[in-house]
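What follows is a pair of complexes built around chain A, which joins chain B in one and chain C in the other.
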Partner chain A sequence: METIHKPLKRRSRYNSSEARVAYICLIPAFLGLFFLTYAPLLGVLGISLTNWTGLKSPQFIGFDNYVQLFTTDPYIKDSIIATIYFAFLSVIGSMVYSFFIAMLLNRKIPARGLLRAIFYVPFVLPAAAIYVGWSWLYEANFGFFNFLLSQVGLNKVLFIADSSYVVPSLSLISVWLSGNLIVIFLAGLQNVPGVYHEAAEMDGAGAWKRFIHITLPSMSPIIFYNLLMSLIANLQVVTPALALTNGGPGNSSRFLTYLMYDQAFVNYKLGYACATTFVIFAILAAFTAVLFKTSSRWIYNEGGDDK
Partner chain B sequence: MITGKKMGAGLLSAALVIGVIGCGSSEDKETNTASKGTDTTSSSETSSSKTEKVKITYSMWGSAEEGSVTQAVADKFNASQDRIEVEVVSIPWETYMTKLNTQATGGQLPDTGMLKEDGVIQWSSEGMLNDVSAMYEGSDSKPLDSLAYKYQGKTVAYAAANEILLLYYNKDMFDKAGVAYPPSVLDQAWTWDEFVAAAKKLTVDKNGKHPDEEGFDANGIVQYGASVENLPWQLETWTLSNGGGFYSTDGTDVRIGEDASIEAIQKVADLYLKDHVAPLSVGQTDDGIQRTIIAGTVAMATNGAWNVGTSLNTAKEEGLNYGVAVLPYMKEKVTLNTGGANVVFSQTKHPKEAMEWLKWYNSEENNWGLISSGIWMPTLQKWYTDEALTRKWVENPNFPPYEEYKSAVVDYAQSSAARPASWFFTNYTTDFNTLLGSVLGDVWTGKTTAKDAITKNLDALKAAHTGNK
Partner chain C sequence: MSAAAYGRLRSRKRNERMMNMATFVVVIFCAALVLFPIWWIFRTSLMTNAEIYRYPPSLTPDNWLFSNYEKTLQVFKFWKYLWNTMIIIVPACLAGTFTAALCGYAFARLRFRGKNLIWALCVGSMLLPAMVTLIPLYIGWTRYLGIHDSYLPLILPYFCGGGAFNIFLIRQFMMSIPRELDQAATIDGAGYFRILFSIIMPAIKPAMIVVALFIFIGLWNDLLQQMIYINSSDKYTIALGLTNFRGQLKSDWSLTMAATCLSFAPGVLFYLIGQRYFVEGITLTGMKG
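Up next, the complex of A and B:
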């Protein structure tokens, strides 16, 4: 019994000291997370309970900001709708688009390297230049798209000047910008074992069947990652509103982050803006939670049962 | 296990050290900035005790280079007397108000500085600004009356510059269409209908047809007749002109819901929707002149006087033949005055010295670069009334012909038509204008009418006017 007991004990000791080292190594990361993420988050929560404008010292007003946000605020409802609508279109659009392009770029086509660079380039271009360029394309009176429409005898489309078209128009830019997703999909596709495809081909599976039963399941962890990143990024959308529309026409592109920016740095209602920030945080958290909850059903994990 | 513990302890202490260094350095930074702040005050105190000079800081928006240009002007002031020493602090425009807010919270505001138009009454209502009524007592020339910011009857700031709204037009387009130029003299100002009629003659589709001709194609317009800037704050002009307004003259009541105000806004929208003389603009971006007159697609456009110096001067050098005229009117002749403010912060210990500096600095000679380029108009009355001074200001190649500018801008600015924009006397104009801009979004495209949009949101607009309290 002694002989059996000893190695066991040593093993557990070894384990606990390993755990200790692991914890100690995590301290710097934890400190960073705490001071740069969680402490500010608590700070935002604290400020959101005040009427701070930056000029006078803040007064505690309980949940008044939240109450006001959901009862009398003229923007928040439109803002939530616009944000979710934009994120929905952009996430679906950019996932389908970048998966499709990645599949094409994964084939042995001529000038593949050049094409890969071309599809990635929009992602690294400076945002200001991109949006100025697109504003010329979308311009309602003399823009390039309207010039093309008039050449083929069609009526003008107002694009970003029309409250019904502005979000789809901005989503299109977002889809066009998703070069980073293409790169990640491409890396994933190159890891799908070729033997599966060969085996399936021998069994007589066509291209579509192989895509559904081999490519998609093998890619599911990558799809999940891209979906998550794309969802978070698109729910936080602000640049197109700042660069192109200033939230308009009406509130149709007054995305939540833009609304928060406007409250904080145009109207200097810092307490109120912090309350909005917490609403954004809650929405992001809810969407992310749903995504994680459902992920186990469709993600195919090849190895390991750790989740 | 022992080694494990040691290693752990080593790592722990290393982590602690890193942590301490991290904290230490951030603390250092904080104390540094704090001590910088106190340095200026303490050194100002010490220097004042040594040289008997009061040191004051003046903050302005602009780049470091712009700051050093202003510092050079301040140095002249510093050399001209032995009581006051001015230090200029320049802060980039994008972060200017945020920075001042932070400084206000920390009690670290400069003694005096520039303030954005729409911040003056708010800061004043929070007790952050000094009364400057006494600044021009006993002076030979005062700023124009319309350039004083007033809170509860007291003058809390004067504009650093003057700006008014004008009608710009492309002379070549008028000549080609054989239409008389819009009048530069206030007495002859066009009525709204005359303005629309002229705009129709200047609007051409790709077949050369005008809006009231048979077969005119509104989808194929190649040249528009007119564009009235529909940024919310500029729309106030037209509501006033039609006998309405955004607010009552003391700024307490909201008048945007009155028929006259609504009708005026609808008339502006109808330039695109019904008259087909204007390009579509949804009133969200501040680049009206670039999109119209400079792009060469529109014959007439309303906008602020600053455009003479910020963009039209370059376009003129490149061959644009433009003129300036007074705005058309609906019932009353109205243009708006505006201009960023120079204020004395209430945190200062030296309000008198700060005012003395501001008064000296605001004399036109010290801002000559901005004035002679056409970006700023002078604030002191004598530049408008003394012809020699007016000629000195206007007779230079950056400006349209003297007679035209003198009549359409200089005389216009001191006429009864010139009224202060509402941020000179009303709080929460940003809240109100932002909401109005959002309310009108679908009016410009004709999805709804000004009547419906404003009536539906009137309560929210009234709430915005009181800061949603």
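Up next, the complex of A and C:
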């Protein structure tokens, strides 16, 4: 595509007025990349090596913050566990749920547009309101879920007030919110060429075989994209802790980003909080790297035509 | 076609229709499940407290107590919060969309030295989690610029292209606009900006609306940054106001749910208006990302 549209060769590779226009257009991007992205990234590293509290001028203390974080910090271990546990449940749950719904919506059913729109509704509601609203459904004595449990003869569960249920309960909300994944999956499914399915059907392949050998491989780039985006989003989880649980009960929902918030903006340990930030960054980078590394093995790329 | 083959085809067709009907029923059921929490919140907002605590709970309120909303509005300053939220969102959406279009144009259409490097930095920053830059940015705004208790730290970043993701989205969309259009305009003597404003921008309107919607949702949901930068209660946004309101009225569930429903309303309204673009835009991110 690119080569066809290239205008005739000019004497110089770059036309100076064209380049000038480009740089003018890119001023916002330059500002953003420098001041909002890469400079702050270096800033995190720098500040994490100091004991800055926001009151006194910062002193360089080497890796003390990191040492303290991994040896004496009372929260970090619970925090990492809570974050990964939450992200694991939410990512798996949202992926399975949204793929399933997208498969259903991909069939020729009436009112498809309207139904698709319904699954997307939770995504456009303000997060804070969602958590407040769900806290009522999860309420201990009169909440809807406990009514359901009592109907099937099970004991009351405290959901967000019980340290062993709080993370799964919050994950369920996060799955409920994943309507955007459905829309992307659905668009992908509609791009799977029908001829493959027809050919396989002629050869006598059943629905399950066709799903495994045709649908999944041709959807793999989109599965990868959704997996990546929902992993990055869920590992940064913070809003439920801010709006609802305050990290509790105990430390069971003290997600890493909430821990960082607490250190920096409640206890004013800015240097220390930056060390935590870097830990979150490292965890995210590790997960992303693993995903990218393994992707070549399971992503089927037809004719290498991507982007 | 032999009679047997024809029969097979017909039974397959019938089978498929049956399957589609079964699917339809399952989808309706799932959709009802998705909407149920919202309904439950709404029905609670219209009940008396006695009704809420009744066992078994009923699906609909006995009397639709819209007076709960009047009561809520006396404590929960919804209109004030909505106004405050809009003061942040409207300039951010406009500026973010406009600057993203400028940057996207440079990447999609123009040739200049260092393009690949700058593009790589842009794409790279997309993978950088937003919370990593939170503390340095906070220090920058409050210490170096002395900006406290203000909306500026929430708005001004959107004057810088509205984030790499939005630039990326616009660029991808622009690439799909045929270049012959700009070439024809060039021949007619239009300059680069003229082409951008009068040819490309109208053509990428769906993508621009999508970017505006993404910025809207992003700001709408960003409780963390609002908590950090806004202190005084008369500057509260909807998200902050609601979180705070819940703390005050811990046990009055019907009023809390009324406040929750009020907070839902603008998002739902916005979605109903822009539904088509939402779907189109999300599809765009998945297909072209």
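Note that the second predicted complex is superposed on the first by the 267 of 307 C-alpha atoms of A that agree within 3 Å, B and C clash if a C-alpha of one lies under 4 Å from a C-alpha of the other, contacts with A are read in each partner's own complex, and residues count from 1 in each chain.
Assume a contact is a pair of C-beta atoms (placed from the backbone, for glycine too) under 8 Å apart; a residue touches a chain by one contact, two chains touch by 3 or more.
These numbers were taken from a predicted model, which means no experiment stands behind them.
**Student:** Between chain B (first) and chain C (second), which, if any, makes contact with A:G188: first, second, both or neither?
**Tutor:** After superposing on A, A:G188 lies in contact with chain C but is clear of chain B.
**Student:** Quick one: classify A:N155 as touching chain B (first), chain C (second), both or neither.
**Tutor:** first
**Student:** I'd like to know which partner A:Y66 touches here: chain B for first, chain C for second, both or neither.
**Tutor:** After superposition on chain A, A:Y66 lies in contact with neither partner.
**Student:** Could you say whether A:W176 touches chain B, chain C, both of them, or neither, answering first, second, both or neither?
**Tutor:** In the superposition, A:W176 contacts chain C only.
**Student:** After superposition on the shared chain, which partner residues are touched by A:F142: those of chain B (first), chain C (second), both, or neither?
**Tutor:** both
**Student:** Tell me which partner A:I232 touches in the superposition: chain B (first), chain C (second), both or neither.
**Tutor:** In the superposed model, A:I232 contacts chain C only, not chain B.
**Student:** Pick one for A:F265: touches chain B only (first), chain C only (second), both, or neither.
**Tutor:** So A:F265 meets both chain B and chain C here.
**Student:** With both complexes overlaid on chain A, does A:P126 touch chain B (first), chain C (second), both or neither?
**Tutor:** A:P126 contacts chain C only, not chain B.
**Student:** With both structures superposed, pick whichever of chain B and chain C touches the larger number of chain A residues.
**Tutor:** C
**Student:** Applying the touch criterion given at the start, work out whether A:G248 contacts chain B, chain C, both or neither, answering first, second, both or neither.
**Tutor:** In the superposition, A:G248 contacts chain B only.
**Student:** For chain A, what residues appear in both contact lists, the one with chain B and the one with chain C?
**Tutor:** 13-14, 17-18, 21, 25, 28, 31, 141-142, 265
**Student:** For a test of understanding, state which residues of chain B touch chain A in their complex under the given definition.
**Tutor:** 1, 4-5, 7-8, 11-12, 15, 18-19, 22, 97-98, 101-102, 104-105, 122-123, 126, 128, 219-221, 224, 279-285, 295, 297, 430-431, 434-435, 437-442, 444-445, 447, 457, 460, 463-464, 468
**Student:** Which of the residues in chain C come into contact with chain A in the complex?
**Tutor:** Residues of chain C touching chain A: 19-20, 23-24, 26-28, 30-31, 34-35, 37-38, 40-41, 44, 52-53, 55-57, 99, 102-103, 105-106, 110-113, 115, 118, 121-122, 125, 127-140, 157, 159-161, 163-164, 167, 179, 183, 192-193, 196, 217, 220-221, 223-224, 227-228, 238-240, 242-243, 246, 253, 256-257, 259-260, 263-264, 267-268, 270-271, 275, 278-279, 282-283, 285-289.
**Student:** In their shared complex, at which residues does chain A touch chain C?
**Tutor:** 5, 7, 13-15, 17-19, 21-23, 25-26, 28-33, 35-41, 43-44, 47, 101, 104-105, 107-110, 115-129, 132-137, 139, 141-142, 144, 147, 176, 179-180, 183-188, 191, 222, 225-226, 232, 235-236, 238-239, 242-243, 257, 260-261, 264-265, 270, 273-274, 277, 280-281, 284, 288, 307
**Student:** In the complex, go through chain A and note every residue touching chain B.
**Tutor:** By the definition above, chain A touches chain B via 13-14, 17-18, 20-21, 24-25, 27-28, 31, 53-57, 68, 72-75, 140-142, 150, 155-156, 158, 161-163, 245-252, 254, 262, 265-268.
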